[in-house]
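Shared chain: chain A. Partners: chain B in the first complex, chain C in the second.
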Partner chain A sequence: MGEINYTPFIEEEPFNQTGLSDRFAQLAQQGIDDLTDTAFQKGCLSEEHTPSFLSYSETVEFGTDANLTVSYESDWDVAGSAQTGLTYWNGSTSSTPVMNYPPNDGVWGHIQNGAGGNLVATLPASLDFTQNFNGRYGVSAVLVMLNVQMERMEVYDPANQDNPVAPSDEPGLAVCIQVSDDNVNWYHLYLGDSQYTSGSAAGNPPYRYRLTERRQGAAGVEADYTIKIGSDRNLPSRRDISIRTIINQSSISNTVNAQNAQGGLGSFRYIRGAVSVIKSGSDYNKKVVARIRKANLTIMCLRANEVNP
Partner chain B sequence: MSWKFPDSNLVQTEVVSSEELNKGFMPAAQEAQGRINEHNLASGVVPPASFGANSFIPDTHVESSGVCLEYVNTRGSGQTSVEGGNGATRGAWITIDGVAGHNSYTQSPDLDGAVQIPMAPFYDTVGSKKEPYQRPVGESVPRPMSVSFFVETDTTLWIMATCQAGDFGTAGERFGSMFSLRVNGAIVTESIFGSADVQNDSIGYQSGGDVLPDAERKQASPSSGTSSIRSGYPVCCECVVDVPAGDVVVELTAVNVISLSGDFVDDFVDRMAVGSREIVILKMMG
Partner chain C sequence: MPNISYKNAPGSGTLAEGQAPTGVDISENWYFPTATGEQSLEVINGHLDQNNLDASFKFNNDHFQRGTVSRGTMVGSTANSDYFDSMFTGTSNRDIAGTYGETDDATLSLSSIVIPGLSVRFYVPYASSKCILQWNFNHQSDGLYILNVIDGQSINDTFNKFNFPSFFLFVDGELQQENCRRYIPCFGAKRASGLASSGVDYAYGRHWSGHKLVTLQKGWHTASIRITLPSTPGSFDTAASTVPQCRVRTRGMRYILFR
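For the complex of A and B:
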């Protein structure tokens, strides 16, 4: 009831308890206590009155060159003939690229600022999209925007005391968005699956497609013509990697557990930008280092309705 | 007009009459019939936005059905299969992996998941080319990155399209591409991404030499110079655009510089591909 239907006293009507209570009830209880939108002038609510379509937002930004001190390494264990570090093709023991099955599809790490900080956005509380509107704090989905400025790639030879070496194939940097509920165990956002992976991958199929993954090779005009620092080990490659995605219930239900079965996460609280280093072809047994100059991560918890096209 | 109550106060020793009582109550009642305005509401009656605060904004006063923001689900329901779940027709996520029934390497572009971009010398919708298809097993139709929906009133759209792209040539030469968003048939100029424009971009070379003018033919960054490994490059097109009431079509489009070089476009059907990708559309209804 959004209206106040006041019944005027008529002449000679007694002012008894019932008559007065009725009028107060009409005014206060039925009216003021229960106003609906029809009681308001259109457009009367100012920005101080209206709810935001954002339930929460946060930006984490690494904007200084101190980030360049951070070394994102994919290394090679010469004695053990195994990949170590942040290696995209983490199952490779030869020039054939091999990535293990999820959840061990590549080794991914934090984007860091060189001062102990990680590029992680933290929600005020763990978010479970299966809850009702209030139980999920009115959040229907989380819009994530990640920007990373790649700086360069460097190549070294672990079989020769990590001396710089010219790359024989193009190294690259892979970036993606991951989620976690404990800030320790991180999960990919997958879309669908496939029977395929290259080579003899370890783990349980299927292979899954990392929805937010983007890759940037290091070679190109800049790497070819820019004056290199040191030697050919250094491939300047200043490029921007921008990723936008929506995290909703489907995204979370498509995370996988240690057995590569869907439903790895029920809720999540942390969102990060993650990186992995791509060693290609005959450089599988090299140490490849990636440098990132700047990065920022913005999350926006949307109080929105999902609609189909 | 704000409700000012009461119009007249009762005073001691005054005889209360029905007329006096009605005079006191009626203005308030009448003013509340749809004319309550901002002056009647205390500032902060709905908890204010506190961006960046360490808590979710309380939702006590928010009706889930009354939120003036919608986001368009471009993935389809379930997302259980590679193409983006049941009903996903917008061009989403596929692979080229050589598995029977999938796109194969021989159908280059050799990218981890791809659909081709037509080589016509104008912007065309990503994924609209007939082959290779965006496929899971059995996929047999193109899946263009095109989203169609209806808005009931003038609406502001915030559109974000990102993807993994690669330009691939047959003789070690690769040519850059430009991407853009097209809304209701019009290219949104501020969304243009890339450096393939032969008029605008002076960076580039052709076959490692400087003998040909950049503006006529070149290998445009960012993917030029790649050899056997084709990581490709990320693309991000964004815009905020107002649309009138009615049907709306949002497309991610691309054009490859090779199609502008004067060569026969039929010779270059495998030059351009897009892999993992996503379109985010927020309908910001004010």
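For the complex of A and C:
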């Protein structure tokens, strides 16, 4: 309905119960109680009529030099010949870069502020983006913005008391956005149609395409100099990483479980910026450390639909 | 406020078949003001809410007046913007007590100046709103990173790292600590071996695409990215840090308000 179609009493028409009830119904149920598109003009809703597009927002900011005290480490177990720590190529036992299969594609950790804080945004409740919640008043999508400034990379020899050494290749770090429902088990956001690639893992990073991943390397004089920890010649990298993404229902359904099957996560409450350390080539058996100078993470829960209904 | 439930229900009471309703009985259903308004057609005087919508109906973009739920704009520039050390008050990047022997952000920012194309002044019409600021630019400088011999000076080559430009976000005149950036020298200088200067190495320029979420009250506000260069020539093993010139390239800043 959505509009009043009132039938006036005509001359000589009986003024009885049926006639009255019909008119009351035309005014109320049809005209006011079930409003639809015809009841609303273009531009009829002003500031006073509408709630905010945002049902929740949060920002986490790491701005002090204490950030630099955090050591993001990818180490090498000399005796066991295995990768340890936050290792991007976590399946490598030689100079060939090898990554384990999802969901263990790389080992990722919190970005921290050196004072016990993690770069994690927490929603008031778990979001599942189901039809119910994604209804007229629910949240349709979460906009996530992440900025990280990589400070430097450092390379050490785990076989020699962790003494600093010159890198053979260009070390780097990877940063991504992950989600979790328990703040313990974290999940990547994969591209929806990215296919799981079985078989040899050598040199093929994606397996599934990690939608929010960005990588930065320390090149040239950055790599030459940064390893000299005790030297004033240290030249940092200071490269910025900027990631923007939308998390919606398909993002959640594209998470994968321990069997690498999609649908690993039904809902989520926590969003974090995560980091992993890239050891390139023959540095696979080194200890590589990344430092982060600045980081900030913002989430905005959007009430609006992505598509005009 | 729910749907209408008439003060005098049609079909019952005095409005039942065979009864004799009075003018008051009818009029009360037209107009019977209450706090919630649901007992008469008076409900349309400001009491309508989501319960009055058809279950299948959803508002779309056309129903919203422009600027009632969000607004924003962007400024930008593609012209190169050059900054020279003489434009600044000469703050040193070096502080032996600082992290990595460097001066802290707050001190460096004191001599910073606004970069045109990376600054906005805007009006917030809402009582309280969330504002996303975003900006991007890149830069190159001629801060030296290799200093064996240059122009006949005897220079210690171990202090290259202090020759960097710095950038800061200010919102309403306040420094934002998480959005301070210091970069690295970009200029490979003449070597002791007699090799020619390698000049500005573009690989060591940096690009920054940053963001900041702030809550703003109604009124005018400003946001800007500011730059400072060190200008403290002298003994390289104690004080010097210089960046003679820094070129800021394509840049822009934008804000988006959410009421």
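Just so it is clear, the second predicted complex is superposed on the first by the 221 of 309 C-alpha atoms of A that agree within 3 Å, B and C clash if a C-alpha of one lies under 4 Å from a C-alpha of the other, contacts with A are read in each partner's own complex, and residues count from 1 in each chain.
Keep this in mind: a residue touches a chain if its C-beta (ideal position, glycine included) is under 8 Å from a C-beta of that chain, and two chains touch if they have at least 3 such contacts.
Here the structure is a predicted model, which is why all the values come from computation and not from measurement.
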{"item": "First, second, both or neither for A:Cys44, with chain B first and chain C second", "value": "both"}
{"item": "Touching partner for A:Ile252 - first (chain B), second (chain C), both, neither", "value": "neither"}
{"item": "First (chain B), second (chain C), both or neither touched by A:Ile177", "value": "neither"}
{"item": "Dominant toucher of chain A (residue count), chain B or chain C", "value": "B"}
{"item": "Partner chain(s) touched by A:Val277 [first = chain B, second = chain C, both, neither]", "value": "neither"}
{"item": "Which of chain B and chain C A:Leu27 touches, first, second, both or neither", "value": "both"}
{"item": "Chain B versus chain C as contact partner of A:Glu61, first or second or both or neither", "value": "second"}
{"item": "Contacts of A:Met99 with chain B and chain C, given as first, second, both or neither", "value": "neither"}
{"item": "First, second, both or neither for A:Leu35, with chain B first and chain C second", "value": "both"}
{"item": "First (chain B), second (chain C), both or neither touched by A:Ala141", "value": "first"}
{"item": "Shared contact residues on chain A - chain B and chain C", "value": "27, 32, 35, 40, 44-46, 50, 52-54, 57, 59, 137, 145, 219-222, 239-240, 242, 244, 305, 308-309"}
{"item": "Interfacial residue positions of chain C with respect to chain A in the complex", "value": "3-4, 6, 10-11, 15-19, 21, 26, 29, 41, 43-44, 48, 50-54, 56-66, 68-70, 98-101, 104-105, 126, 130, 132, 145-146, 157-161, 164, 176-185, 201, 203-204, 206-213, 258-259"}
{"item": "Chain B - residues contacting chain A, complex", "value": "16, 18, 21-22, 25-26, 28-29, 32-38, 41, 43-49, 51-57, 59, 61-62, 64-65, 67-75, 77-85, 87, 89-90, 92-93, 95, 97-99, 102, 113, 136, 147-149, 160-162, 164, 203-205, 219, 221-234, 236, 238, 276, 278, 280, 282-284"}
{"item": "Chain A residues touching chain B - in the complex, by the definition given at the top", "value": "3-6, 8-13, 15, 23, 26-27, 31-32, 35, 38-41, 44-46, 48-59, 123-125, 133-134, 137-141, 143, 145, 169-170, 172, 175, 191-196, 198, 209-217, 219-224, 239-246, 248, 250-251, 254, 278, 280-281, 301-309"}
{"item": "Contact set on chain A toward chain C in their complex", "value": "1-2, 16-18, 20-21, 24-25, 27-29, 32-37, 40, 42-47, 50, 52-54, 57, 59, 61-65, 68, 136-137, 145, 147, 149, 219-222, 231-240, 242, 244, 294-296, 298, 300, 305, 308-309"}
